[in-house]
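Right after this note come the structures.
The same chain A turns up in both complexes below, where it pairs with chain B and then with chain C.
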Partner chain A sequence: MTAEPATITPAGPGRATLIRHLQHYGVYAAVLALVVFNALFTDHFLDLANLRTQLVQVAPVVIVALGMALVIGTEGVDLSVGSVMALAAAVLPLYLGFGAWPAAAMALLAGVAAGALNGTLVAVVGLQPIVATLALLVAGRGIALVLADGQLKQLRNPQVLGWGTDDVLGVPVVVAVAVVLAGLVGFAVHRTTYGRQLVAIGGNRPAAQLAGLPVRRVLIVTYVLSGLFAALAGVLATARLTASDPSAIGNLIELSAITAVVVGGTPLTGGRVRVLGTVAGALLIQLLRATLIKHDVPDSTAQMAQAVIILVAVYLARERRSR
Partner chain B sequence: MSADTTAHVAAAGDTPQLPVSRVAGMERFAVAAQRHGALAVLLLGSAVAAMAFPAFATADNLAGIAIQSSTLMIVAVGMTFVIITGGIDLSVGSVFALGGVLAAWASQWGVLPAVLLPLVVCGGIGLLNGLVIAYAGLAPFIVTLASLLGARGLLLAVTDEGAATYLVPGESALLDLGRGTLFGLGWPVYLAVLLGAGAALLLQRSRYGQAVFAIGGNEEAAALMGLPVARVKVTTYLISGLLAGAAGVLNAARLGSGVTILGVGMELDAIAAVVIGGTLLTGGAGSVGGTFCGVLLLGVIQNVINQIGNLTSSVQSVVSGAFLAVVVVTQTYLSRARRLR
Partner chain C sequence: MTDSAEPVLEVRDLSKRFPGVRALEAVNLTVAPGEVHALVGENGAGKSTLIKVLTGVHRADAGEVRYQGRPVTFRRPLDAQRAGISTIYQEVNLIPLLSVARNLFLGREPRRFGLVDVRRMNREAGQTLSRYGVDVDVTRPLRSLSLGAQQMVALARAVAVDARVLIMDEPTSSLEPREVETLFRLVRQLNAGGVAVVYVSHRLDELYQLCDRVTVLRDGRVVHTGPMADLDRLRLVSTMLGRDLAQVRQEGLTRFRAAPPPRDAPPVLTVDRLRKRHVLRDVSFTVRPGEVTGLGGLLGSGRSETAKAIVGALPLDGGEITVAGRRLRRPTPRRAIRAGVALLPEDRKAEGIVPDLSVRENIVLAAMPRLARAGIVTRDRQDRLVETFMKRLRIRASSPEQRAGDLSGGNQQKLLLARWLCLNPKLLLLDEPTRGIDVGAKAEVQELIGELARDGLGVVLISSDLEELVEGAERVVVLRAGAVVGELVGDDVSEHAIMSALATGEGPDDDR
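Moving on to the complex of A and B:
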């Protein structure tokens, strides 16, 4: 072990290094700390049933947050994800007559269409992402409710219900999908041209344009992916619920997803996507909520704790830019 | 609007290839459409509605639209200030709900506590937003997202986790404030107009208002010019919090109770109204009058959909959303025409 000279740092090693480590590993450390705390102080926390429940609950948020991380990496934001989930939930039962897979395909197609609309408004028309996706946030759930006649529909298709209850290699379907997607997104960001272009555009859009990158195409693809992931989360959540409920599904999930992304260390100013951090961010929020609930801390305190955590995470991320 | 004028001069100087008269005409049209577009659409929409539905243009119906729009008007005025500085305030919906619940809770000790307590607490939340945004340099989007959660948590804590609903005592003068009328219009309408007029005056005619425009136009330039950027920002978020709280008080006074589930998504309505009213989300331009037109337009859309009858409220959100998209797309093209590119 002669690696000691590597730790030489310029003046002021203490604070700067600490902050950098906090930024890089803070989320993971926090998740680990919560797991250890719960293992010691929460009854039945390490039971298989409880771990399954936690993972199944967090999986839709992870799926939505992955798309959100890509969008935020381009210096954008997608507020419409909750409404797109509702849209997918409303479309799914309409096409169940053709079978489970075609119905799911139509639901995903609705998500792609929604994403394409967002992407066009942002990339071609040049709207601010907040406004462009706000329009669909308002209208999307309305369309979903019109499609569904404002009613909750019970699902009886055994295959769809299976997506909510079955296991793949001992892991619930929705969790397996989230894990596979996280892997794919991580690969796309770090190992493909698309990912490099996305990060470049988020870092400096005019420069990316001048460098001849296909800015519009990358932006549209990114919003389409976000819509697709949201629709996927909508389908899986609907299967889990065993009913299509467009009025409630995905409500305020955009806030959870943005929180997960930001807590995971992806800056809102774009130019950087942290996929594993996003997954850890979602887990952190889920574990935090679960911990507070299991120790009978009221919901009011839980929400205020979440607010403080967002602020602290963003404050730490801010230091990086002014370094 | 001094920032506006300089921008025009610079833009006109850069583009000698277009004939001057045509340039001026296009620009004048674009400016006028952007500034008065909401008013024009509001008048046009109301005229069409009045012709199509005989029940629309009755005094009762119009007074109903006015009173239903009054709370959103007050909230949207604060949002206008925030958006002109280039920021955004997502917490207003939660703060509005908190204000209403606090007013109903405090009304058992009289009218004065019922008005003051919500204003102090909601103003405090706005102040906190402003301080964190201005001095810690965090993005307004994320700070106010956090206070959206925080305010809702506080609301749950006050209402025994949402289980308790506080009623305003039947003899309380607070109810008169919410339900009383003058010349057929409810008191909240007059209050909203009064607050709006005061805000417009503050924005257009005061040093603070000019600083708000300057910061939204170019924050660095404003700081270099020696404007108190941080102080103006803090004041702006404070105003937004205060107005959201005041709207909550009025709503509680009108309903006679503090309803905990109100206000979810209200920030989006307020942003939509502000944007429809011609205020640019990029900051630096906008007006309170436009915001009023935007709020009324949303109210008219809702009313017309109610008049049609067999349509549900979900159709209303489809129409509002589509409308918002059309307005912002048009606005984007108009401001491009203005920049003559």
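Moving on to the complex of A and C:
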């Protein structure tokens, strides 16, 4: 009936501009600030070995977070990514008899299947994303443990081990994969029909539906991509580890991925996907923890610092919404 | 009802503003104990705001509310409830998973040794409900009851807290006719006990059946108040819509109308006996190309629902839709669009605009797949199309890349029209295309509608603005309570004729 009162922000133009800039560039500025701080105050930070370590550690999170960014762009969330990593890690050794590539393909297929299940539960059955993917968060790791007989399996296939140690054009494989994937996802979001439809669905789902957009298909594809990326991260992390360890791999990575996405400026309310921001968000968290640890701050404090960053990011995002 | 009795609830010169909207302007309302007072008005008239002020959801900017002779200010809904003003909403707002008895006694459970005395609670709940003619197992979860029975539990709960005033906001909208009867019986019982009822409904039949007095709101002001029986249906409708009867009669007679377009063109749309429980009853009509067909009706008459059903956004229980000679089976928005049907939705913010996307992307939203090569967006094709339509529809934006959410209402509406015109539709369904946009943009949109029809499109125009219907449409189908109650063609289309159809047209009133 009567229109609800529109909320007006009393903020002056100066404050609004500041907040908008912080939203857009805050995460990059923070990453830069940490790099400068470490370059000045942390011994050996700029050593090639250290930089490599940092990048290798952050790469799996970036890969998972890229899928997560797409899902969050549709106003959803994928809690099952860690379990899907475990599933991929468990499937990989089962098929190594056929060779490294077929085994990796099977592991990725497991990720696709998991994503298809999530997508179907969300788009067709109509469950809330948090509930639908929670099911697989719980069940996925269980299935992985059953497949692996609950054991850690050493890997001896040289090809697989190579994925964990080799370089491509001077960068570790996993880092190269993360970079290429970030480029692909960025292209998909900005330049393909799929990406624009995804953003429209996240921005106003009833409108997208009435405009005849293939809402179900886009949602299912998005969850499949998230599953696929998680499986890829699982395979690469397993190769790096030189062992399949479904009980530990990807534990709590969903939280890191969501943090990276949110800190990177993608709102949880959907309708926008910031790919570069997501990469920077992941870097920021990685650098923050590394910095605190290198300066002998306990891990528990690092976690608290991470929490503060999330709160700041969400606060800034909220300001934007309320105009 | 006794006129001499001290009013139990009195509203004096109440005003309430929201940013940009004057929701209530010096509103007066007097409700006597034991009466049923109808509160009516079209969309945006201020009924909801008034109720929200009375129940402590909103606070008034000026004026006072007197309850049982004393001025009161409710800071929150609980205050109003404690004082004895209970509200029943359209949707039952109880807790579906708790038992009937628990819902009835929520927050005031009988206690024994500090614990809830379940046995006593169940016994008393059963007694209370059977007093109102509701026989249900009170230990069952509330949601296992029919909607009617749930509404009855809500009512019983509302009066059990010793309410002196009961506000009912469209309580019957999802009830079966039989359940409505039970509800009315209950209301009369309460009246006999001195409870005053403020009754909001769009169903005229219910108002005349139940209410003693009526207050009509329009644009935030009281435009009429008095005994229900003194205001016949036609007068009630014209008061709600703000049309002067004498003037309307005159205009209706003198208006010159052009001859209707040739009748032999095959229809672009035929709907045949569309049915949906509680919403649509056998709605049938046809639309010819090059013609604007109006859909008239009061709020809740099924106008928007008909349009939504045609594009598959509202599942139907039965009926046939034929577009340009081809049956549209199991319609979904995608299938309807492929068949050449486009709907401009009533709520442009919630169902039309994607606020964070640019003007360009909003315009090409539906046409995007057609404008892409191998799934990759081609900007130059988009830009050309967007430029064409921004010019043709005179969409005023700083650039095609401006955020669509920042446009004015009129420009947003034109943007949505552009979205559909990109697809070359055969049939346009326009649901309140000029509501809430400024006068200039309104005239532009109206002009455009005429232009599109002349270009050979079939247009369905839904509007609460009678003038717009009469001037814009060659034919008007009038709906009431989900059924077609009249169809006016050519010279017969007049505000008066539409209003009489709205008020008295033959409809399925008997089973209401």
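Criterion: the second predicted complex is superposed on the first by the 310 of 323 C-alpha atoms of A that agree within 3 Å, B and C clash if a C-alpha of one lies under 4 Å from a C-alpha of the other, contacts with A are read in each partner's own complex, and residues count from 1 in each chain.
Here, contacts are C-beta pairs under 8 Å (C-beta built on N, C-alpha and C of every residue); 3 or more make two chains touch, one makes a residue touch a chain.
From a predicted model like this one, the values you see are computed outputs, not experimental measurements.
Taking chain B and chain C in turn and counting the residues of chain A each one touches, the greater count comes from B. In the superposition on chain A, contact of A:A211 is made with chain C only, not with chain B. Shared-chain residue A:R196: touches chain C; no touch with chain B.
When the two structures are aligned on the shared chain, A:L136 is found in touch with chain B, with no touch to chain C. By the touch criterion stated above, chain B contacts chain A in their complex at residues 88, 132, 136-139, 141-143, 145-150, 152-157, 161-162, 268, 271-272, 275, 281-282, 312, 314-322, 324-325, 328-329, 332. Chain C contributes residues 18-21, 23, 43-49, 311, 313, 333-334, 336-338, 343, 345, 350-357, 361, 365-366, 368-369, 372, 375-377, 419 to its touches with chain A in the complex. By the touch criterion stated above, chain A contacts chain C in their complex at residues 1-6, 8, 191-194, 196-197, 199-200, 203-204, 206-214, 271-272. Those residues of chain A that touch chain B in the complex are listed here as 77, 121, 125-128, 130-132, 134-146, 150, 255, 258-259, 262, 268-269, 298-304, 306-308, 310-311, 314-315, 318, 322.
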